[in-house]
Amino acid sequence: MDFQGIIEEIYATVKQSENKGTVASYIPELSKVNPEKFGICLLDINQKSYFAGDAEESFSIQSISKVLTLVQALSIVGEDLWKRVGVEPSGDPFNFLSLLELEKGIPRNPLINAGALVVCDILVSHLKNPKEDFLHFVRALANDKTIDYDKKVALSEKRTGFRNAAAANLLKSFGNIHNDVDAVLDFYFHQCSLAMSCKQLTKTFFLFANHGQCTQLHKFLQPSQAKRINAIMLSCGFYDEAGEFSFKVGLPGKSGVGGGIVAIHPDKYCIATWSPGLNHKGNSSLGMQVLEQFTTKTGLSIF
Amino acid sequence: MDFQGIIEEIYATVKQSENKGTVASYIPELSKVNPEKFGICLLDINQKSYFAGDAEESFSIQSISKVLTLVQALSIVGEDLWKRVGVEPSGDPFNFLSLLELEKGIPRNPLINAGALVVCDILVSHLKNPKEDFLHFVRALANDKTIDYDKKVALSEKRTGFRNAAAANLLKSFGNIHNDVDAVLDFYFHQCSLAMSCKQLTKTFFLFANHGQCTQLHKFLQPSQAKRINAIMLSCGFYDEAGEFSFKVGLPGKSGVGGGIVAIHPDKYCIATWSPGLNHKGNSSLGMQVLEQFTTKTGLSIF
Amino acid sequence: MDFQGIIEEIYATVKQSENKGTVASYIPELSKVNPEKFGICLLDINQKSYFAGDAEESFSIQSISKVLTLVQALSIVGEDLWKRVGVEPSGDPFNFLSLLELEKGIPRNPLINAGALVVCDILVSHLKNPKEDFLHFVRALANDKTIDYDKKVALSEKRTGFRNAAAANLLKSFGNIHNDVDAVLDFYFHQCSLAMSCKQLTKTFFLFANHGQCTQLHKFLQPSQAKRINAIMLSCGFYDEAGEFSFKVGLPGKSGVGGGIVAIHPDKYCIATWSPGLNHKGNSSLGMQVLEQFTTKTGLSIF
Amino acid sequence: MDFQGIIEEIYATVKQSENKGTVASYIPELSKVNPEKFGICLLDINQKSYFAGDAEESFSIQSISKVLTLVQALSIVGEDLWKRVGVEPSGDPFNFLSLLELEKGIPRNPLINAGALVVCDILVSHLKNPKEDFLHFVRALANDKTIDYDKKVALSEKRTGFRNAAAANLLKSFGNIHNDVDAVLDFYFHQCSLAMSCKQLTKTFFLFANHGQCTQLHKFLQPSQAKRINAIMLSCGFYDEAGEFSFKVGLPGKSGVGGGIVAIHPDKYCIATWSPGLNHKGNSSLGMQVLEQFTTKTGLSIF
């Protein structure tokens, strides 16, 4: 299939879209991004890369990083992780703390903030130098030593992250945070500040298309674990638009408020997009259009 | 792949399981079923059938029927249907009416009771003789004229279906039921009382493995519609165990409190199981074990 | 104290108010009422009556009637009633069914719709001819045989009372309605359709100012029961404006969507107002102003 | 009325009760209290004092202090306070953060934790030395310079107060905390650690029985403000047992998890009790019994 041609065509079409969305403003540092940025990159199962636009420029991957802490935590504690976090979709953006209360401090899944905080807590418990060690892990996944945190973004989030602080304290009150709340939050805000390009994202997430093996074919996850994280990304990767994404695109994936999206077709490819404008559900507006057009044009969805 | 051998082996193993679950008791007529019944049937994409146990005995398919009313409603009103029902998972079994209130009478998806009631209302509006016409539609899907309602079950549900009556009245109060509440409930209880065997279920659901075409290759749905219903089944087909099912099994599917489950691997196969004992989430206990073992042994999940 | 002078003065002032509210439209028959109607009546502990405006014209008392079914039910089953209904405020108008679900079919208090439905169910169980017998009971309380149902209003509510039908069915599903749902709803809609004037209301509610004895000094309730219903009216008598009413007026009382309000100062007086325009919380706009001014001017609140 | 005789008789009876409840354990320092402690004190409107048992021994007044910060905040900012906190009962102990989310950071009332945190924030904004200034204010109310914080209790709460930290951060995220979260929490934990005896409590709360004037007849509140706080105490002073307390006792009041309760009959008296064992709703078990018996025996309730 002519991936390069298709990607260039979709890039050209979607760039004209009038539904460009709005850049996230609640994290001051993120609101400074140029809203015109737009990139696409696809890495096929044979490790051949195709791209268009600003595919090699790095941006704040934000919540996409939750998948990466999950991979590292699973690689350390294995299936015990699921005693502290569920695998069900959550649905509700408007009362994210409510569910946590009703369900006694067990977050619905590891891709909502509360769940990611528990995953961070696990890493803080097991890593000697959590921030450094996690960064090395991500660099190994991507086979790229240039990947780094954006300290300004981390600091900006820390200063305004009161809802995350509320969630962390609530989790602590239920005994589902074992470490100091501030230490967990500090690690969490750093994780979210990871900066990558679309190209780096496809390399980092290649293991989900490849049964747990990264581009260098090192096995980071068991095939069954990779399969399961794909299932969670499909059900829970797009906030309360997960069903909509699954319905229209039909791929496991994860989005971030920085405007990035990464999606996977097992055994076939990994694709990443970046455009900072978000739709009203908090997902990249152009990115959603790209992926919907891509699976429609190629017929390559999992359904 | 030796489907027959694999199914027989799984049948023998799972039959020994001690987690047989509990037969649903809230519908009196259903509680009379023999709890030892157990059947499996697989229909591959080439229409070859494989089975084990009570695969040819019919049972009450209950909520599995919600997918079939959805197919007929989509075939009549098309995408307008999504103005009245969402495509997001709901999650909460314990407060199913709460969400409906908060979200002003738009059910989360067509596979929860409230959503299915809206779909029934659409059919009551458009079909001349709703119960007869829907039955003919199902028989055509399955290419089997022996499929019928179980009137005793329909009556038994009507007598005890107060939660559904509550949901229907709440929907009506929001203007999302257009017909008489009792007429919609009567159709709904009949739909749920459809009786089929595992073998009939695989034929009826074959179109989801086959891009919208049934076994006779008549096209009931556009490929994109079949793909989308698969996505909804994956996200929403197993009550609040949808995430768990997606995580462990990795297939779109739908369960019913009669103990039936049907699941689909697009382009590959359709599989149905029946065992009346339910786990605490309301899904067939042995059925869940069969499907988990099947995708694990064959590696044939969508993730 | 010059009650007549104070009432006339308040009547004149409040009649000029620009916040006249909006007549309830969800019950078609109620929306036909003349919005200019406005009456006040006060009955002091010595049974002397003072009034102004349309105090002798009857209107639909609606939810005010919930206190009267409660009185009759308590007089029949005594404190056992509290096994099926709570005494706590509910607060939430926007998700009235949610609480009922979470609390497993035990309504928060007898003055919300769900609680009143349970009280009606008790009367349907114990009265030979519920509608007739309850009407006689109310006439005896008021010592007035002209009081009657407004059949048109009852019918109008029945045709549009889907939320109440939802609540009744949900209660039935939890086993907290013992009779046929339709029979209970029919009685409930009749109860709500009771028509009275402000003058009749003060006579009917006189027993709450007088330790359970009505104007003819017949004892309908034990003093402790009258005291307790006063406590419930204070906490729960004004939907989600109960706290506000208690805060600003400081009297037990009950409002109805027909625009009536009745309030009580134990050992001192009973006061009723009527003006059909409702504020955004569903209570009579002018009525609230009258009562706030009355307790402020006279200093006669319970706090 | 022979208050002394009645109080001694009730003391003797209730001391024999087998429903002594359980001492609060979630604040480690509080769990060390002798569970046998039991005292009652009544101060009548003529400032005559009557008591029994451990009425002069000081204990941690905990949430009772919320009324006192409210008095000081009202005395500084007046009715503007109600822009940031409501006056409606909240009802739900099990999901206290949910309501806060749904209602966008405006706590239901100033006597729940979230509301008290907002009141504390107001004092932190307006007082030069919040902890010292508030202490002086309380000492002036009680005309007693020996009243003080219990620093050990304050520290113990700080170490375990994760739910309060969650609430404070959630309020901050909605912009309803203006100061540093930690500063507000520090003040809040100190306020809760105030230690008083029953005798001191009756003197401190005397102003609510006396139209806003304390025992030295200094006017701390307008009569209308005192009346309104009484209304709030009645509706909201006993967690989700407020309705029950109003129903059985019929007095405005406030309880604390230290086992103290204070209640007021305007124009008549102020009464305080202390017994550390709590019932399952979090209110002092013996204290509730004392007050129920007291209003039943004397007939002195507000209803």
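The letters A, B, C and D name the chains in turn, as written, and every chain counts its residues from 1.
The criterion applied here is as follows: contacts are C-beta pairs under 8 Å (C-beta built on N, C-alpha and C of every residue); 3 or more make two chains touch, one makes a residue touch a chain.
Predicted, not measured: the structure shown is a model, and the values here were computed from it.
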item	value
Superposition of chain B upon chain D: rotation angle, C-alpha, nearest 5 degrees	180
Of B-C and A-B, pair with higher C-beta contact tally	A-B
Cα-centroid distance, chain B relative to chain D, in whole angstrom	55
Inter-centroid spacing, chain B versus chain A (mean Cα positions, whole Å)	32
Centre-to-centre distance between chain C and chain B (centres being mean Cα positions), rounded to whole Å	47
Residues of chain C touching at least two other chains	none
Partner chain D, residues of chain A touching it in the complex	94-98, 101-102, 162-163, 165-170, 172-173, 181
Residue ranges of chain C in contact with chain D within the complex	86-91, 108-109, 224, 226-228, 230-232, 234-236, 240-244, 246-248, 250, 252, 266, 296, 301-303
